[in-house]
Structures are given as structure tokens and as C-alpha cells.
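Next come the structures, one after another.
Two complexes follow with subunit A in common, the first pairing it with subunit B and the second with subunit C.
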Partner chain A sequence: MKKMIDQFGESMKTARRWRNASKAAIAVSALSFVASCGRDAPQDTWQPAGPNAERIDNLQRPVFYVAGVVGVIVFAAVAWSMYRYRDRGQAIPEQTHGKPAVEIVLTVIPVLILLGVAIPTASTIFKLAETSDTEMTINVTGQQWWWEYDYPAVGSNIEQYGITAPIVTAGQLVIPENTKVLLRVTSRDVIHSYWIPKLNGKKDSVPGRVHLLRMEGSKPGIYAGQCTEFCGLSHAYMRMEAVVLSRADYDKWVANQLEEYTVPEIGTDAAAGESVFIQQCSRCHQVNGLKNSDGSLNIAAPEQNLVSGAAPNLTNLMTRNTFAGASWDLLTPECRDNVWNASSADFGERYLAGVSTECLNQKDLREWLRNAPAKKPMYADPTKLASTGGLYRGMPDLGLTEDQINVIVAYLLERK
Partner chain B sequence: MITTSSKLFYGLGAVSIAGSIVWIIAHDGGALGAVALVFIAIALIFLGGIASYVRDGHVLSTDTEQHDSAPAAQRGPSHSWFPLGTALALGMLVVGLVTSPGIFKVGVALLLAMLGEWLIQNWSDRASSDPSYNERVRGWVVHPLEIPVGGALLLGAIVLSFSRIFLALSVEAGPIVFAILGALVLFFGSMLSIRRGTSTRVVGAVCGVALLALSVVGVALALNGEREGLTIAAEEDHFAHRACGEEAEESDEDAVRAVSAKSSVAATVTLKDGVLYAEMDGYSGPLTSISLQRAWNSSILFLNEDEGEHRMVVTYGKVVESLGGGVERETLLQACTSLVAKGGQQGVVVNIPKPSISSTEGFSITVPGLEGASIEVMVP
Partner chain C sequence: MTIIDRPSTDVAIAGGAPAGVKPSEALGVFKRPAASTSWRDWVVTVDHKKLGIMYGVTAFFFFIVGGVEALLIRLQLISPDGKVLNADQYNQMFTMHATTMVFLFVMPMAAAFANYFVPLQIGARDVAFPRLNAFGFWCFLFGGLFLNSSWFLGGGADGGWFMYAPNSSTLFSPSHGIDFWTLGLQITGIASLTGAINLIVTVLNMRAPGMKMMRMPIFTWMVLVTQFLLLFAIPVITVALFLLTFQRSFDATFFDVASGADPLLWQHLFWIFGHPEVYIMILPSFGIISEVLPVFSKKPLFGYPIVAMSGAAIGFVGWGVWAHHMFASGLGPVSVTVFSMATMAIAVPTGVKIVNWVMTMWGGKLSFTVPMLFAIALVVQFTIGGLSGVTHAVAPSDTQQTDTYYIVAHFHYVLFGGAVFGLFSGFYYWWPKMFRRQLNDALGKWNFWLMLIGMNLTFGPMHILGLQGQPRRMGVWTEGRAGEGFFNFGFWNRVASIGSFVLGIGVLMFLVNVLYTHKSKKVAISPLDPWDARTLEWMTHNPPQEHNFDTIPTVGHLDEFFHRKYETDSLTHSVKQVHSAEEVMAELNAHPDEHIHMPSRSYWPILLAMSLPVIGYGLIYNRMLMAVGVSLVLLTMFGWSMEPSTSPDDDFDPPAPGEGGGHTKELSPLG
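So, the complex of A and B:
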């Protein structure tokens, strides 16, 4: 009797274990199913939005399907063998080793499959590495923890796109639609990696090296990405966006970027902000055309203040709509949706409108100016810079008063 | 009972404890070293305790049967080269003290290694009455250290010998010699792997002879000195920055295509038919206006395809110093190669701190003495 009860208890335990296992299995598959439903995932490689990403997609889908079929066959075979040859107390069958026919077949089949994968893979790699058809070149530089873009006034950039003087921006890469852009990716400190999943694969940005990455968007819009090589404290806040504009809109963008500096009207908050900016900010941040009180050109000296030797160029801050490694919006949520969710026909106009006074996300920008390292972790404590010889990694807390912040916000609002 | 060998451990333990007290006094109460010494003492006293407990593994005098077969009754192998090694180490120690710290450090390392080996050898010789078992016991203790360290030393010797040979051979002969050597290694390796029966002794002998030959040649060539070009280059110090003007005369007769200069160049600048042009990754065609990154090292390679010796100069602004009394001194910020003969190549590395808008003249790459050979440099 006791034995029976024990046995019953055992089988109950087994049943419960099975039920727990199957519960877990259901949960996992449900989760992956739900995850696969993420239709508007902004960083989805399976939703290419340009020819380079499409090439990758055209390769990865068949490979994925082949691998899936092989995987199912292997799992089924393993499961069947486990069931069919489970231990039922039978004698151990004769053990044999080596069966040339099987070995050859099982070598040849994978070789054929791998060859079938290798040929299109190699051809895709070569197509993605093509640079001779470049129409526009942009330098992309990673540093802790933001991306700088500079549009050199060289070659076809001048002739075709009217970039007659270098344009320097941060966070958002702006490119014309259906244009073969070549990014020259590098870094000023540690290794980062540039990745806009909907437009192309990733490319490491390595200090001292220039890596080439093609970028082409076939539809106006904003495409999100993030640094994909762990690069220290705020790696998670090192995001970036590629903005694709129609050719006409792009020309307007370029013209706007090249506009002369507008001196704030005397007596306004912005004018007060300009002098605070010169005292507090221009040692790191360049604003092109800004003049010192003695009339000389104000040239920033980030190389004397920062490990990377660079801080975002703020000349046209309000033409971008995110800041600090594209981690926070410069637009309020409504205004943001208005731009991000615009149809491709409306997108350009809304993006080019930049950040207006009504649309400015005052909260996040003010928090940044009040105490940047509290918002984004950075090595910016002035008492702990011995190891870098007094240089910061990131923007320090400048101890600005609320009055100073008010006028600086007014000044920054005119930078577009 | 305090036996012979437990005496050693107890004694060492006592010294460690005394050492820890001395440490604390010497370091004003600092505890780190003392803690380590106390733990060493505990370990030693523990070992002493074991030695006491087993009475050093000695054989009772009444147990006559054991007199010949007990471990402790075995003679150790008579040939040991550890005394020799230790003597050598002591010699190096003394010589090193007077001559160079390098020899002294090697002596210390050798002394420690010898003493350790000697200690363990002696211990293992008496671990049992079976010499082959004793050898294995020794192996368990020292092989985890001996094999990696020995391997590293061996590898170091091979690498060092190879590099000496490379540095002594002429630029042309180097690749040929090493292609042949590589082929030979591959050939013998394949032969050995195909012929199943080859004894390890033969393989060992071949490798040993090869290693010996390699190190003898390496040492011989190292004593003989590096190839001429390298010695001249070292004397001329062609990496030093010198004056960039037309009047400067240092030239680099051996402007070689050094790998370090060629990897990750920002721009390759070529002088041909009196014209200067640049090539950069990611731009098609020759450029007469280039964009370089600010605040980062850019290495620029200069290639002279013209007759005569020329140098490339990168000019990126100027610094104005006030010398007091209203007098100012302007110094151009420049980096340049030395004179490079036709067909030669040389690189410079520049780190341009300021954007080009900071300079009224702009930045440029030029060749002194050649009017019109100029490239505009933009730095955003």
C-alpha cells in the first residue's frame, strides 16, 4: 500500500514538473510571438528602408528559412531518436564506428548548403563594400557619448549639393533621399559602432581608422539607431538618428545650415544669453560666426577641456530635434509625434520647421543645462579628473542660476 | 615531537611571525604585508605539524624490514643540476649588483626558480620508494608552472631569434629566406603527420636541432648588428621633427614603406610633375582640397614621384606669443617630413586642434620651393 502511495506521489510530481515545464514553454513561445508582432519597432532590421538594408534583408531571409528548416529537421530527428531509443531495459546494441557512406553524405549535404549560403553572402558583402558610386561623403565621428557629423566642402559635396563650407552637426544625420551617401566612420576616444538598422548593417568606429559605410534611404523620414559597441558609462544614451529628406528639402536644409550667424537683438534675453554662452559654454561648444566682445571670432577650445577634444557644434541646435546623443527630445511629445509620424510627403516640411518656442521641450533641456551629469551619467566631476589631466568626458554641471538658464534657452532657441 | 624537518617549518614559521611584527613596525601599523606573513606562518606551522605527526616519515629502528624499502631510506638521484643553477643565479646576482639591474633581476628570478625546483625535487625524491612514482609526483607539483613558463621562454627565444635575423637580413632577402624556411617547416610537418610511425624522439631531435640552429644564428646576427639601412636610420633619427623650410637639408635616404605609417592613413599626398594632389579613402579621384578631422591624429603619407628631393609641410595656423612690451612672436604650426628622394614615402602625424576658420590664411599642405604645389586643408 505504502509503495503504491509513493508511486502515486512520484507520478504526481512528474506530472506537475511537466506542467511547469510546458507552462514555461508556452510563456516563452507566446513572448517570442508577441515580440515578432512589434510592427512599428523603430530599429527593426526586418523592415528595410533603403537599398543597402534591403540587400541584407534579401540575404538574411532565405538564410533564415534554410536554417529554420534544417533546425526543425535536426530537432525532430533528435526528439524522435530520444523517444524511439529510450532506455527500456533492453540490451545495449552492438557499437559500431565509422560508416563511410553516411559520413560522406552527411559531409556533402552541409557543404552544399553552406556553399549555397556562401555565394550570395559573398556577393552581398562585395556589393555593400562598393564605394565607387558614391554621390556624397560625410564624416561620422563617435565620441563618448554622442556622434558628430561633418559634411566636408570637398568634391561632389560642393558641386552637387552646394556644401560650400563645412557643416558640423551632432546626433541626427541628415541625408538626401535616394542618394548614395558614404559615411567615413571613425572615433575620437574608444571604439563605438554606428548602426541605423533600417538603412544598413553596423560598422565599428575605431580611433585612428576610417571605416566606410554606405547609407541610402529611399523614403523621407527619421530612422533610429544606437551605438552598438559598449563604450563606457553612458553607452546606453549614445543613440543616433538618420533623417532622410527629399532632394528639394535637403537643399533647403543645407542652405539653412550655411546661413550667417544671426546676432541676437540688443536688449533681448537672447542677447543676454549670448554673453552667458561666451563665458560658460563656448570653451567647449562651437557656434560658427559667434564673435567675442572685442569683435574677434569666437573659437571653441574643446581640445583643452574634453578627453575626446570635441563637443557638439551648437550653431544650428534647434534644427535637430533630439539632443545629448539623440537621447532626449528637443520637441514636446505632441510636436514630436507631428514630425515622427508624418507621411513622407509632409515629413520634410515639418522637420525643416525645427524647434519653435511653443514646441520646445523645456523640461528636458532645462534639466540638462541645470545639471547635465545628473541626467546622463558622465565623468564630469571636476574633483575627479586627475587621471585625465583635468579633461572631462561629457558635459559638467556648470552651476548655472535659473536666470542664466532662462537667457541661455532664449539664446539657443535662435540657433536655427 | 620536534623532528628534523618539522624544525625547518617551525623555524620558518617563527621567522614569518617575527617578520610580520617587523613589517608592522616598519610600516607604521600598515597591516597588508603582516597579514600575508601571518598566513604564510600559519601554513608553515601546519606543515611542521604534519611533519611532527608522521615523524618525518622515518622508519622505526625496530622495523628492520623497512630499512631498505621505506621512502626515507631511498637514495635520491645523484645527478642534480640545481646546485649549478643556484650558483649561476648567485653569480648573476652579484654581477648584476655591480653592472646592470637587468642581470640582477634575472638572477633573482633564476634563484627563486632554482630554489623552488630544488626544494620540490628533494621532497619528491623521498615521497615513496618508487622512483618513477616520485618523478610523477614532482610533475604534478611543478609541471603546471614549469610547462607554461618554459613554453613562454621557448617562444620568446624563437621570436627574438627570428626578429634578430629579420633585422640583419637585407630587405630583399628577408621575404625569400622566410618563404623557404616556412616551406621547409610545412614540408617536415606534413611528412611527420603522414608517416604515422615516427618516434617522438626523432621529432624532438629535429625540433631541438632546428631550435639550436635558430638561436645560434639569431645570437650571431644580433652580435653582428642590424642591416646597414637601419643603423643609418637610427643615427640620422629620421623621426625627429626638424625645420620645415627650404633651407632645411636633412634627407631620409631610406624612406621605406613602414607598415605603421601606411596603416590607417588619413590622406596620401603625391607630388608628381610639380603638382601636389591627395587621395583619401571614401573620395573618388585626386583631391586638391581635403578635409581633416579636428582634435585627432591624422597621419598623412607623402609620396615623392618627382626628380630631386622634396619635403611635405602641413601648416595649420600659428600661435602668437606676447614677449612683453608690445612685442609679439608668431610661430607657424607646422609638421613636415624630411627630404624624400624620388620614389620614397614618408608619413607625418598631425593633430590639428583648431578649425580652419580660426586662421585667416587657412591651412595647407605644401612643398617648399615648389610654387603652386599646394593642397587646401579644411578642418571643420
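So, the complex of A and C:
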């Protein structure tokens, strides 16, 4: 009897030890659950905001759960054998070399689980590669270290969305909500990768190839992304944002993008800025409709100055919220929060307001104009340009004076 | 079979040496170096055990180099907009960290174990081609030094270890870092290739009598599979590296888009090598723990044939999954589906191994020694890495995860938590065999727990970081993308960085342990069979003499050594010890082999290997120097071929029976 009581006490002790251990395990898993789910990182891959990303999410959640369960079973088996079969002076075990039945069962089970995963995987791959339902096409081109968006004036882009002339922008992709947009992704130099996690998985932009990527947002808002293929020196500074607008707001955005160039009023800082811009910036940066002093159209020639042969089009710079590969905001933090945290209903109006004088993030923009490669590494060192035949790998240090910077900022503020 | 009769000394051996001249005096410079106990012996040695130790010491040195690079990376990322490294330095750092860890640590450390223990485990006296073996080691050493000399000559490679074209062209990477990288890896590739051929021939031809393939220790099995993977994978990367060298040094246009090239060519070449490479790194560690788990469970490996065959299956299917590194590269849905399915398929043999390890422990008699702890940790951590691997075998899910920290977490769980923990298990398990002393248990436990905690603190949070959208290979991360609240990117990056230093201290504890074990007077000489082991390598002295075994055993069982020590009652299946290890060895050596011929030392492997980096530097800096290098290579190859095939002082005549057990020449450089 006493022996039994002792045994009981022993097993209770064991049970208590296990209960404590499982309490700790639950606490740890709860903590990591809270930690991983309760957050709001802009690039969270578990918060889809469009049907393509949702399709991925619907596929991967069950896979994660199944993986979690399998993991727990394996860990439990390891922990149990460590506890149960630890050396307590028992006899040397029988020298069994395996049990075929156990082996077969434990091989077939993972096969079945993986088959269960494989079938929906295959169907999702093909659904995400579908292109026949496209409603709008946008060309997306990566280069060191920013993205260009070209909304071509073709087909449904003209008929449905009034894009009667090509719109070329950078930094922010702007698309209408609930529209099946097809991105035609390519590159001008090295391989980059286009990724807006809340809208879809990523797709590499490879020079010489055009890859197709579906993009669709379910509600107005702004969605962050980041170049995810290592693309050289400033890979970390190659970001992007996708802006989803309601259909009505999108029409306004298109109309604004297609507006004629407005010449700055004579005598203003902006007018002085225009001439500095023509001297210093228009070698690479295009502003549509800008005229030289002799009345001829000013056409930028980035192909003569840059390795990638392209620089961001600045025609409507201040309709975007970011610059320099979406690495810095054109809006002050308060104004930025105002846009990013707007409700779906308010978002379009606040976004379309663009960047006002009060909201302009003067600090970063001026630092950029003062010495761009000091802010974002772009091989500023001229000795490193030997391999490129003197072509720049990004914006060089232009050596602008503070006066020049003042008037350029004034000029740029009118670009919207 | 491995015993070759000594050639008669009065036969002219090489190039018509006059009759009557001893081979060791033949042909002046071509004579073979004599045995000695000085450091010179390490330079000219062809002994697989010395070479194994040299592989190990060199690989550990590079492990520390790669580790320092890793710590600098984590310091940079501990806070947003890090200032420790600039963008250029950061890119070099992560490129060289991966390159060093893959090519200069994990692969050669596995080669160290393979070199030392495969001949012992199969009851051979050396490998099939001893000079080639030495040549392989020196290629690895000089290739690694050549690669790392780039740090002092304008900076390391900056294109990532995957070195995707066209970012690797001179236009986008004008420094010489990538030239050092391609040429350095080419040289270390020679080590892998010669090593592969050598070990394959050794395992297939030089097993002790009675050791059928299905009686081979499982470590030898896994090494054999690994060598076949190397044999076919290394030529692929060799071709790719040649193409890149020609592109960078001779203006070829293999990856030049403007000339009509498709940069995806490089990706296919790289990953056709690169995916088998991950199995090349993990299978030797699988082999190690498949030895360690049975020993410390006092049970044979559960399902030995299935473990061996699943290793071979991984070796085959491993060739059909390379494009899962390219799910975002734009392959098209059919290819993506095929590779996605194949990747899931490879999870089956891998899962089988895990099941067999758990079943080996199940019902055993487990003692939690340090090697056992590392082995169990491998099982658990590899399971985590394997399961996260399944989540990105699901291609659509992978398009969200690839190139994020989730992938970094995944492959560090399989490579650090898996491969490296397996190697550490091997250190502790085989240390007494190699150096006559057991590493200190208490320090070993500190070593283990700090590494375990550090590893999980470092790489665990990276799962969360990746799923929350932090991409890899970014020299800075920004608070703008870090999310809200306490558990944002900042928190997890700090945890990972702190964890990496815990991990670093854990690795240092190993070095402390080695120093303590070999410097402290208190550490006793290890018994002959400290772990009650099961395989042939324990059936000889610690460390083994140069000729490994006085008598080559005849093998009748899997786990031959265990069967000589223990007997199973055929009715009750109870197991009892009938002989001690010493008795087994005494019985074996009662009739020692006569006239053991051992391969002779040679100058030429190191000289030939030293000539290769000269070509490398020449290619980068001066074509005349290159010509010098090529001439040196030709000369040393000539010298190698003219060398007499043997020297008399390498033969070994064992003591007559009754004179006491063998001789006492020691190998240990530390003990």
C-alpha cells in the first residue's frame, strides 16, 4: 500500500512537472502569437488587402497550422522519449533494427499531408498566373534604385480610364480599387523584384524579360513594398508604395496627371527655379511641357548621363508622397500620418491634395538636393565611374548653392 | 586488400633510377620526404588523419572569420539606419559571410570528419589516393586564403553568395572582389572534386573484408551520398564560375543582356549546383547524429536501410528542386508547379529520417552527454527548419516569403541548427578518438546551452521579421516599415542581435573547452572506448597509429564493434556485455598483419596547390604573373608525376605478438 502511495506521489510529481512545463509552453506560444499577430507592420504578409494576396493567404494559413501541429507532435515525441527513456539504470534495450509497419505508416502519413497541400498549391499557382481577365495594364520598370511606372495609352486604359496619353511616374503605383491590374515588370539594369505584400507576392524584374504580375486592391489606401532582389549598393533604399483609389478619385488623378504644364509666374522663386532646373536637373529629369528659354521643348537625356538610362519623371512630383526610390517622404510626419491613417472614405481626397508648402518635408528634400549620394549611396566617388564610361549610377552631387536649392524647392512645389 | 607488398628496393622505380639506389635517395629533388615528428611532417603528410585535423583546424578558423562577419551584420541591424557599416561594406559582409560559412566552414568541416573517419569506419589504412587527398586540403587552404585576401586588396565580393548576373558584371561591381570570389571558389572547388573522387573510390573499394555496403556505418553512407552530390554539382558551378570569369576578365557576354543573354541562365546554373549544395552541407551531419543517437540510446539506428536509402533518395531528388529558389524569377506556372511538387516530395525522405531518429531514441537507454545533446537539438531544430521549408515549398506562399528574413530563419535553422549542431556533436563524440582526451563535460554543457539559446534567440525572431515583411540583404531597415507597438521590427532585430552574441559566446566556449582539456593537468587520458561505441573506428588506439589498424578486422555485422562487445540472448532478447573494448582489441590484434605498407609523404601536393593562387593573382593584376603561375603548375605536375612511388621508411612492421600492444606514436598536436 505504501508503495502504491509512493508511486502515486511520484506520478503526481511527474504530472505537476509536466503541467508546469505545459504552462510555460502555453505562455511562450501565447506570447509569440500575440507578438506575431497583433502588430501592424506595413509590409505584413499576413494582412492581405486584395484578392491576389488573399488567395495566397487562404493557401498558406492552413499550411502553417498543419506544420505547427506536425512540429508539436515531433517535439512531444522527442520530449517524451527524453523523459521516459532516460538512463535510469534500466537494462540495455533489445537491439531492434526497425519495424517495417511503423516505417510505412510514418512515411505514408507525410505523403498524404503533402498531397493535401500540393493540390490547392497547384490550383493557386495557375489562378495567380491568369491574365485573361485583365482590366488595366501598367508597365513597371526597375532600375538602380527606384521604380518607374508607365501607364500606356492603349486599349482599356484609354477606353475605360481615360489615359489618353502615356503617364510616366515614379515611386508610387496608383491603381483604381477592385480593378484587375496587370503589371508588366521589367528592368533596365540588374534584377530587382516587385513586391507589395498586402496586394500580391513578389515577381522579379529581369532585364530583357517582361514578367506579368496581377495587382488588385480591395479598398482605398496606401500599401508599402520593398525591392526584394539584391540589386547592388543601395538595395536597401529601393522601396515602393502602391496607392489604391476609388474609381471617382482615380479619374481625378488621371485628369491631373494629364494636365498641361503650368509655367511659373514671372518674378517668383519658382520661375527662378525653373531656369536652375533647366540648367542642372533637366539633363536627366523630364518635366513634360517644360520649354527652354528659346521656346523649344525641353527633352531630358538620361541615357547620356546614367547607366540605367532613366531618371524619375518629375512632371507631377508633388502629387506623390515620396522621392528617391520611395526612401524618403515628401510629407512631414504629421501630414504623412494624416494620409496613411485616413479611413477608406477620406483617403482619396487627402491623397489627391498632394504636397502643400506647409506639409513639405523640407529637411530630407533639401539634404537630397544638397548632396544626394551622401544620403543614399550611389557611387558618388568619380573614380568608381571608370567601368561605366563616366555614366552616373544615380543622382550625383550637383554642388548646388543654398539659393539654388531654395528656388528649386519652390519650383518643385508647383509640380502637381 | 589495403595491404600492398613493399616493392623490392633494388628495382628501379621512377625514371630509371640506377639499380641498387634506395628510392628515398632516387633522383635528387624527386625523392620523397622522410617521416619526422616536426611541423614539416604536417606539410608533406598524406595521412588522412593528419589531413582531417588540418581540414578541421582550417575550417574552424574560417568559421570564426565568418562568425565575426555575422556579428558585424547583426551589430549593423540592431537599430534602424545602422551606422556600423556603410552600404558597400554591408554588401561585402553578407556576401563573404555566406561564402565563408558555406565553402570554407561547413563543407570542409564535413570533409574533415569524412577524411578522418571514413577510412577508420570501413577498416582501411588510408584513402585510395593519399597525395590527391593532401592536394585537396592545400587547395582548400590556399583557395580560402586567396578568397579572403580580397579584404586587404580593395574589398570582398559584393554581389551576394548567389552572385546573380548581371549585378556581378564589372559594370555593376567594378572592384576586384568578385574576381577573387570566382577564382577562390574555383580553387576550393578542386578540393571538393578531388575529395569526392577519392572518398567514392575509397568507400567502394577499400572496405574491410565482410563489410558489405549495407554493413557500412551510416556516417560513411551519408558521406558517400554527399561525395556523389559533389562529384556532379561541383562541375556545374565550375562552368558557371568560368563563364563569369570570362565575362569579367575577357569581356565575354554570357550574361550580358544587351548582347541577347538571359540572366536567368546564371540562376539555373547556380542553383543546379546550389541546391544539391545544401544537401552536401546537411547530409554529413545527418550521418554524424545517426552515429551519435544510437550510441547514447544503446540501440541500433532504427531503420538503418531506410535511413541509408532515404539519404540516397535525397541525393537523387535533390537534383530536381533547384528552381524552388526561383519561384519569383518568372519561370511560368507549369515549371513553378513541377518544382513546387518536387520540393514537397523531398520533404518525405527528410521526414523519414526525423522519424527514424526519434524511433531510435524511443525505447532506448538515453544518456545525455554533450554529443547527444547536440544531436537531439539537431533533430528538433532541423524539424523547425524543415517545416518552415514546407511552407515555402508552397510556391504562392513562397512569393511572399522569398528574400525576406523568413528564409534567413529557415536556412539557419537547417544549416546552423542542423548542420553545425551536427558538426559540434561530432567534435564532442570523436574528440577522444582524435586527441586521446574527452572534452570537459561541464564546459561542454555551457557550450551547448549557450549555442542552443543563442541560436534560437538569433534566428527564431527572424521568422516573425520575415513574415512581417522585412527583406533580406538590406544594410539598413527603417522605422517607417517597422510597425507599431513594442513587438515591432526594432524589438525582434534587437533580440536577434543580442542572440547572435550569446551564440558567439557559445562557440567561444568550445575553444575554451579545447584549451582547458589540453592544458589542464587534471584532465585524464580518455579510456579506449569512452562512449561504449558501436563502429570500427573505436576498435583501434586513441588516436590511431598512422596505419590505423594493426589488424584489419573482418566484419560480420552492422555495428561490428558492438557485436564484439555484447551478446544478445536469442530467447529473451536481453543484451549483455561479454567483452570489454580492450579485450576486443587485444583479441583483434593477437595476430597483427605483417608488413603494412603505407603511402609515402610528398612535397608536390602543397607545391601544386600553392601555384594555383598565383594564376589567380595573375589573372587579376598581371598577365605575366599568370604565365608564371601556369608554368609553376606545369612544373609541379611534372614533379608529381616523376616522384618515386614509395619510400622505404613508410612501411611498418608491427611488434611480434606478446611484445605489448603496438607502438605509441601520437598524432595529437594539442595533447
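FYI, the second predicted complex is superposed on the first by the 365 of 416 C-alpha atoms of A that agree within 3 Å, B and C clash if a C-alpha of one lies under 4 Å from a C-alpha of the other, contacts with A are read in each partner's own complex, and residues count from 1 in each chain.
Operating definition for what follows: a contact is a pair of C-beta atoms (placed from the backbone, for glycine too) under 8 Å apart; a residue touches a chain by one contact, two chains touch by 3 or more.
What you see is a predicted model, and the numbers here were worked out from it, not measured in a lab.
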Quiz item: In the superposed model on subunit A, is it clash or fit for subunit B and subunit C?
Solution: clash
Quiz item: Of the two partner chains, subunit B (first) and subunit C (second), which one does A:388 touch, if any: first, second, both, or neither?
Solution: second
Quiz item: Which of the two partners, first being subunit B and second being subunit C, lies in contact with A:129: first, second, both, or neither?
Solution: second
Practice problem: For A:208, select first, second, both or neither according to whether it touches subunit B, subunit C, the two together, or no partner. | Solution: both
Self-check item: Contact breadth on subunit A, by residue count: subunit C or subunit B
Solution: C
Exercise. Figure out whether A:55 sits in contact with subunit B (first) or subunit C (second), or with both, or with neither.
Key: second
Practice problem: Could you say whether A:154 touches subunit B, subunit C, both of them, or neither, answering first, second, both or neither? | Solution: first
Quiz prompt | Segment of subunit B that clashes with subunit C, given the candidates 93-101, 111-119 or 165-173 | solution = 111-119
Practice problem: Enumerate the residues of subunit A that count as touching subunit B in its complex and touching subunit C in the other. | Solution: 207-209
Exercise. Would you tell me which residues of subunit C are touching subunit A in their complex?
Key: 86-88, 91, 158-160, 164, 166-167, 170-174, 257, 260-264, 297-306, 328-330, 332-333, 336-337, 340-341, 344-345, 347-348, 351-352, 354-356, 358-359, 361-368, 376, 379-380, 383-384, 387-388, 390-391, 394-404, 464, 466-478, 480-485, 487-489, 492, 558, 562, 566, 568, 573-576
Quiz prompt | Complex contacts: residues of subunit B adjacent to subunit A | solution = 264, 266, 281-285, 287, 289-291, 293-297, 353-355, 357-358, 378, 380
Exercise. Within their complex, state which residues of subunit A touch subunit C.
Key: 32, 34-36, 38-46, 53, 55-56, 59-60, 63-64, 67-68, 70-71, 74-75, 77-78, 81-82, 85-87, 90-98, 102-103, 106-107, 110-111, 114, 117-118, 121-122, 124-126, 128-129, 144, 189-191, 193, 195, 197, 200-204, 206-209, 211, 224, 226-237, 239, 307, 327, 329, 377, 384, 386-388
Quiz item: Given the complex with subunit B, which residues does subunit A contribute to the contact?
Solution: 131-132, 134, 137, 139, 141, 150, 152-155, 166-168, 182, 184, 186, 188, 207-210, 212, 286, 288, 297, 299, 301-303, 308-310
